[in-house]
Amino acid sequence: MKTYFPKVDRIAYEGPDSRNPMAFRHYNPDEEVMGKPMREHLRFAVCFWHTFKGLGADPFGPGSMIREWLQPDDPMDAARETMHAAFEFFTKLGVEFWCFHDRDIAPEAGGDLAETNRRLDEIVDLAEQLQNDRGMKLLWGTTNAFSNRRFMAGASTNPSPEVFAWAGAQVKKAMELTHRLGGEGYVFWGGREGYETLLNTDLKRETDHLARFLHMAVDYKKKLGFKGPLYIEPKPKEPTKHQYDFDAQSVHGFLVKNGLDREFLLNIEANHATLAMHDFQHELEYAAANGMLGSVDANIGDLLLGWDTDQFPTSIYDATRAMYTILRSGGFTTGGLNFDAHVRRQSIDPEDLFYGHVAGMDTFARALKAAANMIADGVFADFVKQRYAGWDGEFGRRIENGELGFEELEAHVLEHGEPELQSGRQEMLEHRFNDYV
Amino acid sequence: MKTYFPKVDRIAYEGPDSRNPMAFRHYNPDEEVMGKPMREHLRFAVCFWHTFKGLGADPFGPGSMIREWLQPDDPMDAARETMHAAFEFFTKLGVEFWCFHDRDIAPEAGGDLAETNRRLDEIVDLAEQLQNDRGMKLLWGTTNAFSNRRFMAGASTNPSPEVFAWAGAQVKKAMELTHRLGGEGYVFWGGREGYETLLNTDLKRETDHLARFLHMAVDYKKKLGFKGPLYIEPKPKEPTKHQYDFDAQSVHGFLVKNGLDREFLLNIEANHATLAMHDFQHELEYAAANGMLGSVDANIGDLLLGWDTDQFPTSIYDATRAMYTILRSGGFTTGGLNFDAHVRRQSIDPEDLFYGHVAGMDTFARALKAAANMIADGVFADFVKQRYAGWDGEFGRRIENGELGFEELEAHVLEHGEPELQSGRQEMLEHRFNDYV
Amino acid sequence: MKTYFPKVDRIAYEGPDSRNPMAFRHYNPDEEVMGKPMREHLRFAVCFWHTFKGLGADPFGPGSMIREWLQPDDPMDAARETMHAAFEFFTKLGVEFWCFHDRDIAPEAGGDLAETNRRLDEIVDLAEQLQNDRGMKLLWGTTNAFSNRRFMAGASTNPSPEVFAWAGAQVKKAMELTHRLGGEGYVFWGGREGYETLLNTDLKRETDHLARFLHMAVDYKKKLGFKGPLYIEPKPKEPTKHQYDFDAQSVHGFLVKNGLDREFLLNIEANHATLAMHDFQHELEYAAANGMLGSVDANIGDLLLGWDTDQFPTSIYDATRAMYTILRSGGFTTGGLNFDAHVRRQSIDPEDLFYGHVAGMDTFARALKAAANMIADGVFADFVKQRYAGWDGEFGRRIENGELGFEELEAHVLEHGEPELQSGRQEMLEHRFNDYV
Amino acid sequence: MKTYFPKVDRIAYEGPDSRNPMAFRHYNPDEEVMGKPMREHLRFAVCFWHTFKGLGADPFGPGSMIREWLQPDDPMDAARETMHAAFEFFTKLGVEFWCFHDRDIAPEAGGDLAETNRRLDEIVDLAEQLQNDRGMKLLWGTTNAFSNRRFMAGASTNPSPEVFAWAGAQVKKAMELTHRLGGEGYVFWGGREGYETLLNTDLKRETDHLARFLHMAVDYKKKLGFKGPLYIEPKPKEPTKHQYDFDAQSVHGFLVKNGLDREFLLNIEANHATLAMHDFQHELEYAAANGMLGSVDANIGDLLLGWDTDQFPTSIYDATRAMYTILRSGGFTTGGLNFDAHVRRQSIDPEDLFYGHVAGMDTFARALKAAANMIADGVFADFVKQRYAGWDGEFGRRIENGELGFEELEAHVLEHGEPELQSGRQEMLEHRFNDYV
C-alpha cells in the first residue's frame, strides 16, 4: 500500500528524557491523570486544511511545499490521495480525531452545486470507510464560506440574499456530512462575516441576517437529528477589518440577545484570543464562567505580529493556564484540542508536519499534568477562596442575594469606615506558578 | 471679581478664514444645520477632571502645570476657587454643559464618609448657584471609584464586600448630587472593574457582582426620581489588564444577559474605541444599530501609542464619520459631546486649555456641517441602499421574515446557480468622502 | 486597437466642485504650485505588481478579480497583453511614471535563468517601445527575490550561498533592464531579508552578507554606468517576523556602519512606517534630516490592523504632513510618489483601479497645495524657529560649536538657576493645522 | 537597630522542591555553572527607584503603598531612612549590586543646584558607608532628567540650551557620585529625549544636540578618570510619542554615525524591547552581534498592553533565550541583571518586594542552567552551523571575502541551476527548546 510518510513510524512515547525529535516526552495516551487517560482529557484532533492542503503560501509568495498527494492532475484523484495521506498521518501520529471544511476534502465544481455535492458524497464515502478502518472520529465539521470569490463580501452577512442562500445550502450539506461521519460537533467560523468599511455597510441589517442564519442552522440541526453542539469560533478581524464574532464576550452577548445562547457553545482559538488582545486563558475563563466552553483550536500566535500566524502551541505557560481552566470547568465532553496550526513556510518536508504536531501534543500533555498538580495542591484555588471570603460572610451573602441596596451600603460604610486592604500577591502567585511549569 | 483667565475674552466665531487661534472658524452656535442650531446638535461639555484638576502628571513625572486656583493651602478653599475658575472658563468658551466626578469637585476626608459628603454638599451649593448665574447645565455626573487606594482591586467587582459597599455609598451620593444639579444623565466608567491577573481572580463572581451593583443603581435611580439615563462607558483595559466593560458590543451583551439593557445607554469614548481596536465610528454604529447610543466622550488617541492619551479631537475624518452616525441615529437627546481630553504635559499655560477646546469644538462643528452635507447629498446612503437591494426583493424579504430555511435556500441555489457579484467600491467611496472633508 | 478599459476615458481635471468619481478635483497637472507644475512636484507612478498582477488573493481566499489581460493560456501572451493594458491605463490616468519588479512583467522559466532572462528581454523590448510611444518614464525598477520558494529563507541573507548567487544574478539583470528603460532609480526592498526564529538563525552572518550584497550592487551599478540612485525601502516585518531593514533610522545606521550611506537613499513607504509604529511623516523627517530622502511609496495602512494593507492614500492629513516635509527638504529629484497600493478584494471591476488611483492622486494634489500654503504662511516654521531661538544665541551657539563641556554647563546653571519654561502649544498648532486641511 | 522588613529573614536556597514562597528554588549563589558561580554569571541588582520610591501610582490613582521609610516629614530624614531600608533589603535578598538615579536618593532643592548637590553628597556618604558595611556594589548610576517639569520637553534635546545646561550639570554630578561609589558603569536612558508632535519639533537640531551631549559625557568621563562603560538604554516611546533611542539597532547606528560607538555599550531592557515590537532576545542578539552588549534591565512587559508595565520577569522562556545569548556572547563583565521592575499596585505589603525579586532571581537562575545545558548539548548551535555550512565552503568563502561580484554570481547560477532547499525546522527546534524549559 502506498505510503506518503515513508520516513516516519508510529510516534512513540519515550519519556521526559528522550531527545528524539520524533517521539513524545510527555504525551502517554493511556497514562491516567485525575482518574482518566490523557487521551480522553486532551482529545487531540488534526485539521485537514492546514495539514494536508496548506502549502506555505503567504501574501508575498505562493506555496513552498510540494506534497506527493496533491500531484495528480485530476482534482478528484488528488482528493482521494489526500484523504489516504491524512489517515496515514492520523494513525502514525496517534490522534483519534480530525476536523475538516467541506471544501478541503473535495474540489468545488464551479457554480454547479449539485455536482459539487456529488463529489463531496464520494469523498465522504472514502472518509467514512477510513474512519472505520482506523478507528478515527470526527471532532467537528465545518463549511468554508469565505474562500470562493462569491463570499468576498461575507456569507450570511452578504449584501445579497443570493449569496446568503449559497451559504445556507453549503452549511446544510456540511451538516449532513458531519452527521453522517458521526461528527461530535459542528463549527461556525465567520470567515468574512464582518466588513471592510462602514461606508458601504449596513451593520444592523448584516447582523440581523447573521442571527437569522444561525436560527436556520438550529432548525436544520433538529430536523437532521444531529445531536452534537453547534460551536461559534470568535475572531476579531482578518481577513475582514472587523468581524462580528469579535471575541467570546461579544459572541455570547449576541447569542443571548438573539435567543440563541442555549443552542451554541464557543470554540476558542488561542491565536484569535490574542488578536482580540486577550490572553488565551481569558477567553476560556469567560466561556467557562458563562457555561459556553465547548472546544478549543490549540495554536499560538506571535504577539509581536498582527496577523493569525496559527503556529503550533509550544508555550507551557499558555497551555498550562488553558488546561487549568478547562479542567476546572469539568473538561471536554464533545470538544477537544484541534491543532488549527500550520508549519512555517520554510518547514517544507512532510516530516515537519509531524514535528509540529508532536510539539503541540507534548506541550498540552505536559500542561495537563501541570494543571492537575495545580488543582491537587490547591495553592491558587485556596488563595482565591480566601481573597473573596468576605462574600461568604453574612454581609456579602446578603448583597449577593439581592437583599441590600445603596441605602444599606451607605449605612454600612458610615458605621464601619475604611476597610482593611489585602495585597493581591501577584508576584508571589507568579513565582508559585513557575513551580508547575 | 477675581479672574483666572485674564488673557482670554469670550471666544468668538470669526468664520473659516480667520487665522486667530483664539477664535472659532466653524463653530457658530446659533447657525442652523438641518433645521437646528449647531449648539443643540453638538451639546458640548467641558470635563472638570482633566481641565481643572489635571496638571500634566504622567508615570515619568509629576504635574508640570501651575494653576492659580489650586494654590490655596486649605483644600476646601482650593475647591471653591476651582469651581469659580471652571465657570469662568465655561462662560468664556461658550459651552452650555459640564461634567464631573464626585472627587473632582471636593476633597475626600479620608475614611470619614459623612464629612466627605458634607464637603460635597457645600461645593454643590456653590456649583448650583454658579449654574444658575451662568445658565450652565450638567451633562452628566459620575463617581470616581478608582483613584483611592481602597479601590485598587476594583469597586463593585472588588474581592471584598466592604469595598463594594463603599462604591455603592459613593454612587448613591453622586447620583443625588447629579439629580440635584439637574444633570441630564449619569455615567458609569468602570475604572478598575477588571483584573490584573487571573491567578488571583474569580471572574464569574466579580461579573455577577457588577450586575448586582447595576441593578442597585437602577433601583436607587427610581427611588430618587432621577429621570435621566444611566450610561456605561466601555474601555478595554488601562489601568487594569482587562476591563469587563471592554467595548460597546461586550457591554451591550452583558446588559442583555442581566436584564439591564433597557435601563442603560452607552457613553462612547473615541480613545477607548481605538484602545479596543475599533474605529470610533464602529462603536457609535454598533450602539446606534442596537438603540444604545447615549452620549459621547469626544477625544482622540494616538493609534501608534498603547495608552489612553485623551487628546483633543482634531481629526475632521473621525469627527465627520462620528457625526454622520450620530445624525443618522437621530442626534443627541440627553447626551452630548463631552471633551474627555487634556492638554499635553508641555501645554502649561491656562490659555492652552482654551486652545484645546476651541480646536475640538471647531473640529466637531466642521464635522457636523460635513455630515449634514453627506446626508443631504445621499451619496453614501444611496450606495448602501442599492447594494442591499436584493433584501428588499421577494426572496430577501422572505428570508428576513423567517419564512425560509436551509432546504429552501438549497433549492434556490440549485435553480439559480452562481450569483452576479458587485464591486464594493471602497476606493470610490473614500474619494467621495474626501469631497466632504 | 484592443482596449482593456473601454468604459474609461482620459481622466480630466474638473475642479473642486466636481462630484464625478472619474475626475480629478485637485490634480491639475500643469497648475503651478511654488513655481513648478504639480506634475513635476508629485511625479506620480503606477506600480505594475498590484495594479496589473494583483487579483485580490489573501490568506483566506484566492483572487476575486478576473482580468482580461491575464486570460491567455500562454504566459508570454498574457505578459504582452498585460503590458499593453498597463500602458493604456497609464495614459488614461495621466501619470508619467511606472515601476515594476522583474517577475511582474515576464514569467519565470523555472530554474532556467537563461530562458527567464530571454523572456524578460522580449517583454522589455515591448515596454521600451510603449514608453516611447506614450511618453512614459520608469521611476524605478526592482527585483522580486522573495516570492519564489528558493527565497523562502531570504535572498542575500539566505543560509545558502547558492541562493545568494541567485539573488545577485537577478539583481544584475534587473539593474540592466532598469538602466535600459531609462529608469531614474533602482529599489531594494528586502522581502524576506530577516528571520522567522532566532533558533535557526545566524543574525551576524546574515547581516554581514546583506552588506556584502549591497556593496556588489554598488560595484555593478558603476560598471553598468547606471547613474540613478539606489534606494532601500524599510519594512519592519511581514512576511518575516523581523526584517533587517526595520525602519529609516535602522537602515541609515546599517548603511553608515558598512560605509554605504553615500551610495543609497531611502524609499519610504507609508504603510511600512506605521507597521514600524512610526508616523509616515516621522520616517520622511528622519530621512530628510539625514540627507537620505529619495522616493516614496504612497499608500496607507489601517492602524487598527497589523498587516500591510497597502490601501490607496486618502488621508489629507497624512499626505499634507508628508508633502510639507518633502517640500521643505527640496522636493523630489529622481524620486516620486509611487502608488504601492492595491484595490480591496471586493473592488473587482477594472474601473476600481482608476477610482483608487484618482483618489490617491487627488489626495496628494490637495496635500501639495496645503503644504505650499503652510510654507507660504510660515506659521509652523516661525513657531519652531522661535521655540529654538535660544540655540541661536551666544550660549546655544557655543554649545553647538563644541566650545563648552559639562563643567561650563554646571557653572552656567549655578549662575542662572531655573530657566523659564515655554508651552509646547500642541493644541494650538493642531488647530492651526486644520486651517490647511 | 531599626528594621523595615521585620517579617523577612535572609532568603535561603531550598532547592527545586521547596514550596516556600520566601525561598529560592533555583538561585544558589555559589553553585557553579559552566565553571563559574551563579552569582558571578547573573550579577543581580536591585533598583532604588521602583523598589523604595515607587508607591504604585498610575495615571488613574496615586500610590497605594504606605512605606515606613517614607513617613518622616523632613525629606532628608526620609532619604536617610530609605537608604537604610534599601541596604537591609539588599542584604536579606542576597544581591550584590544596586542601581540608582540621582533624584531617587536625595530630594531636589527646587532650582538651587548647589543645595541639591550638597544633599546628594550627604546621602552618598551614607550610601558609601553602607556599601562598605554590607559588601554591596553599585552596578551603575544614572540621572533622572525627565521627571522635573523643567525637562518636560527633553533634557539634552530640549528646545532651550538652558535646559540642556541643567541636564549637563546633573549628569556631571551623577557621574561623579557613581565614580565615588565605585559604580561599574553609568547609564543614559533618554526619558523625554524625543518629541510629542513634529509640528513643534526640529528633529535634526535635537538629535545633533543629543550627539553633542554624549560627546561631552565621554569627555567628562575621561577627565574624571571613570573607567566603567557608558551605557545607552533604548526605548521607543513613552512618555514621549517618539524617543530617539528607539531600539538597539537605531541607537547603534546613531552612535556609529556620530563617532561614538566605541564609547558606549547598550543596556537592554526586556520591556523596552517589546514596546519596540522586538523579542527581548532579538535586542540582545543584535547587541551581541555588534559588540554592543553591556548590561540588562531584567523585567517583562505584558504584550497585550501598550505601556511599560515593568513586571518582574517570570517567563522561563524569555529568560532562557536571553541567557543563551548572553552566555554565548561571553557573559557579563561590567554589566549585570538589574531588576528594573516594580510590584503591581495591589501588592501593597513590603513582603511583596521580596516576592517579586525572588521570583525574578529564580527565573534567571533556572534560565542560566537551562542555557548552559543548551550550550553543552549543542543542539541549536550544531543545527545553525549545518544550516549555514555552504558559507564555509569555497564558493561561500569567496563571496564573504569580497572576491566575487554579480557577474560571477550570474555565471554560477547559469552553470548550477536551481539549488536544493532545506527545511528551516522551526517546529522541531521549538520542541527541542522545550526540553530545556
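Chains: A, B, C and D, in written order; residue numbering restarts at 1 for each.
The rule is short, and it goes like this: a residue touches a chain if its C-beta (ideal position, glycine included) is under 8 Å from a C-beta of that chain, and two chains touch if they have at least 3 such contacts.
To keep track of the chains, here are their UniProt names: A, B, C, D = Xylose isomerase.
Just so you know, these numbers come straight off a predicted model, no measurement behind them.
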Between B-C and A-B, the pair with more C-beta contacts: A-B
Interface residue overlap between copies chain A and chain C, same or different (over half shared): same
Gap in Å, rounded to a whole number, between the CA centres of chain C and chain B: 39
Euclidean distance of C-alpha centroids - chain A vs chain B, Å: 36
Chain D residues counted as touching two or more neighbouring chains: 64, 149, 152-153, 196-197, 237, 277-279, 304, 344, 346, 348, 421, 424-426, 430, 433
Touch list for chain D against partner chain B, complex: 56-64, 146-149, 151-153, 191-192, 196-197, 237-239, 241, 275, 302, 304-308, 344-346, 348
Chain A-touching residues of chain B, taken from the complex the two chains share: 110-114, 149-150, 152-153, 159-169, 171-173, 196-205, 207-209, 212, 215-217, 219-220, 236-237, 242, 246-247, 249-250, 252-254, 256-257, 276-279, 281-282, 285-286, 289-290, 321, 380, 383-384, 387-388, 390-391, 393, 395-396, 399-400, 402, 404-407, 409-410, 412-414, 416-419, 421-422, 424-426, 429-430, 433
Residues of chain D that touch chain A when the two form their complex: 19, 21, 25, 64, 274, 277-279, 303-304, 312, 314-317, 343-344, 346-349, 351-352, 355-356, 358-359, 362-363, 366, 377, 379, 421, 423-428, 430-435, 437
